[in-house]
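Labels A, B and C are assigned to the chains in the order they are written; within every chain, residues are numbered from 1.
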Amino acid sequence: MSRSAATASGYNFAYLDEQTKRMIRRGLLKAVAIPGYQVPFGGREMPMPYGWGTGGMQLTASVLGQDDVLKVIDQGADDTTNAVSIRAFFERVAGVATTTATAEADVIQTRHRIPEQPLRRGQLLVFQVPIPEPLRFIEPSEEETRLMHALEEYGVMHVKLYEDIARHGHIATTYAYPVKVDGRYVTDPSPIPKFDNPKLHMAEGLMLFGAGREKRLYAIPPYTRVESLDFEDHPFEVQQWEAPCEICGARDTFLDEVITDDRGGRMFVCSDTDYCQSRVEEVA
Amino acid sequence: MRWNALDVPVHDSQRVYRQLLSVMAEPGTFVEVGGTPQPPSGAAIGAACWATLLTLCDLDTGVWLAPELNTAGLGEALTFHTGAPQVGTPEEADFAVVTPATLEEAAPAFQEGSETYPDRSTTLLVVLDRLDTAGPWHLSGPGIPGVRRLDVGRGEALMKRLATNRARFPCGLDAILTCGTRLSAVPRSTRITRSASEEVDACMSP
Amino acid sequence: MYVAVKGGEQAIANAHRWLADRRRGPRQTPELEVAQVDGQLRLAVSRVMAEGSLYDPELAALAIKQASGDMVEAVFLLRAYRTTLPRLAETLPLDTAAMRIERRISATYKDIPGGQVLGPTYDYTHRLLDFLQLANGEVEAPATADAVLESCPQVLELLDAEGLIEREEDDGAEPYDITRDPPDFPVDRATRLQMLARGDEGYLLALGYSTQRGYGRNHPFAGEIRLGMVEVEIAVEESEAPLCIGEIEISECQMINQFGGSRDAAPQFTRGYGLAFGHNERKTMAMALVDRALRAEELGETAAGPAQQAEFVLAHADSVEAAGFVSHLKLPHYVDFQSELELLRRLRREHATRCAASSDSGAGVDTDIDATTSVDQAQEQQA
């Protein structure tokens, strides 16, 4: 764990002004009360580009306290450039302690993964979301998709998934795989691999989703039913690998393929670097 | 008679907010607010309710105060400290500060949101004289592993009103429950049933 | 043995140092001063202020310098700074009729009360590179009029008096504020104009142009284009008269378009409106064309052209949003890519199995494949 010395002068704690934080905080309470529903919020420009996690950052900035320990990951790793950059931002503007250890963190901001270690009660997992609307690629108009959610008209989504099956023999969605939250809202889990979808179901921590450019936030409370959409004859299934992680030997984690030379050599290693490392340390 | 603001607004309101988020995410659990100002004598609301108002309200939130709770100058103090305008009718309110009695008989009409914008609804801030576990009300749904039990004293009208939420979901009312320094919440996603066996105990409780 | 790539933090710091060096350029030439950008690249400053939604020429100039002249990046810098500013007061609506005119032209009348004032324009310059500027030649002072221009009535007011053009009246409604609340489609005209005013100039230009070429044609005339200084006023509780807090440079364009009207309402010219901070003529003209195109539904026209699709036009107009989302493709996506790889390999294995099976049996391609079975087969093969 590391603590930075001082926060940047001239800016409020955690960058956002208090009125903006209150607006987002009120929105998050509604989001929690209506699991999976996308609450519109007055997203602000952040000093990082849209699409680089501004939604997640605004949520983190609104919930973060001075005694919190923060972890930031991208692709499951703490040392990817975007994660490094966002972690450095909060060290600078909030002076909070940061960690790479999943268990030590109070707030975890993530892009594209859910840590392998299950969330514990009281932990907050903040997702960066590019396109919050799961129906967007079927129906581009916001006016229309809002109505579809209101009327619970999700047939088109099943048609789309079934078209995949007709064409490929499988549902061809491998990430950002749509879920139904508490039996009501079809929701985009952010572009996590579908491997992570089961971790959304009855999780013990609170999961918050922020889409800065699209100005939407939503939530999945702890202990909430989250089902990945599927069909009786084509049940939802997650990715599997033939070999274990080459570093820690894990057989139940999401593996990244790493190209090791220009002759087709490759290896598979855990995408969750903290999980992988802690397993190696356990053995040692 | 003085209504005090939060000592260190940035950090105190963050702490109270995380407590609110926690009870909203896990309905029927409790937290105690600490280090927040005590309302003056003659006030009808407790420290948890006052801290919640200071944390969530500002120029952009209309607040409706049930007349019986607007004592000791609460209304003026709220506007002075937060800038929140007080609205004349419950349906204009983003936040409504009420007691279970407010919801009895000619219950005021609050905003419950629409099918397309269910979030545009009133949040109830309920002042209770009892808030405990092991009561007759059984809560289940998101945020609750299995069932949690809740005792809200003479809160029959409140719980009946909240129990109707499910039929109207996603429209509905979310309630933040307060009693002294204690906070809890029942969002609209919660299924509420009353256990017949405990009904007797509830009636006998003071 | 593979070791996860470390040192992202150091790499980022080094990239920033390199960037700073490139921005500064060769040290033997003097460093660009912000005042030079402000004073000599004023059209760039205007564009950054308009799309950055902040009137501050000095900071816009700083943003241009810091961004090495990348306008979209400069707009982003200014916009990000703008977000951190407290809102101290709200101004009264600007009165552009009371503008101190620098330039004012109309294409709809030969002469107009107050006169056609060309002002500082590139319009009639011959686009020949001026090689003298390579050597920093002297520039003579402009000829100025002896008398200050009288206030110039707006050209559309002339038509208005005759009832030939639709009236635009303030209904007194509190306008929606796109900087505070997300747009809630469909949005009203005030909201649309706010979004267009900070929209990307190139994007609006292309859309406006498309309406001229027939994709949602609405027969525009440049009724009036004006440029100059207007007073910014706020209402103060203690005083009855509004208080002037300064002047800003504004460009305004009013397009006159073909008729609206119905069985009940007499035919009238309709309007498209463009407004921007600073000297931003092309932007305001494009904005006025697009504004008019977006009024198709309201005026009972068939919305067929891309520029008439309000949600499409407005949701993609902001360069900060657009540049951000396009650039995010540079971020690592290897987890999702891995998911796609895994599926693609599986599909290809199954395809190979099917092809082999069908050529063995000599039968036609089996079109009704039981996918579950084929997955099992694929997995058996792997094992």
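Rule of thumb we're sticking to: a contact is a pair of C-beta atoms (placed from the backbone, for glycine too) under 8 Å apart; a residue touches a chain by one contact, two chains touch by 3 or more.
Remember, it's a predicted structure, so these values are computed and weren't measured experimentally.
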item: Chain contact topology (line, ring, star, complete or other); value: line
item: Pair joined by the larger number of C-beta contacts - A-C, A-B; value: A-C
item: Distance between the centres, which are taken as Cα means, of subunit C and subunit B, whole angstrom; value: 44
item: Inter-chain centre distance, subunit A versus subunit B - centres from mean C-alpha coordinates, in Å; value: 30
item: Numbers and ranges of subunit B residues touching at least 2 other chains; value: none
item: Residues within subunit A bordering two or more other chains; value: 40
item: Contacting residues of subunit A [partner subunit C, same complex]; value: 11, 15, 17, 40-47, 49-52, 54, 74-77, 79-85, 88, 111-113, 130, 140-143, 165, 168-170, 172, 174-176, 191-195, 213, 215-216, 233-234, 239, 241-242, 246-247, 254-258, 260, 267, 269, 271, 273, 276
item: Residues of subunit A defined as touching subunit B within the complex; value: 12-13, 18-19, 21-23, 25-35, 37, 39-40, 63-66, 122, 146-147, 149-151, 182, 184-185, 202, 206, 219, 221-225
item: In the complex with subunit A, residue positions of subunit B that touch it; value: 9-11, 13-15, 17-18, 20-22, 24-26, 55-61, 94, 114-119, 121, 123, 141-145, 169-170, 174, 187-189
item: Contacting residues of subunit C [partner subunit A, same complex]; value: 2, 4-9, 11-12, 76, 79-80, 82-84, 86, 179-182, 184-186, 311-312, 315, 320-321, 323-328, 331-336, 338-343, 346-347, 350, 369, 371-372, 374-375, 382
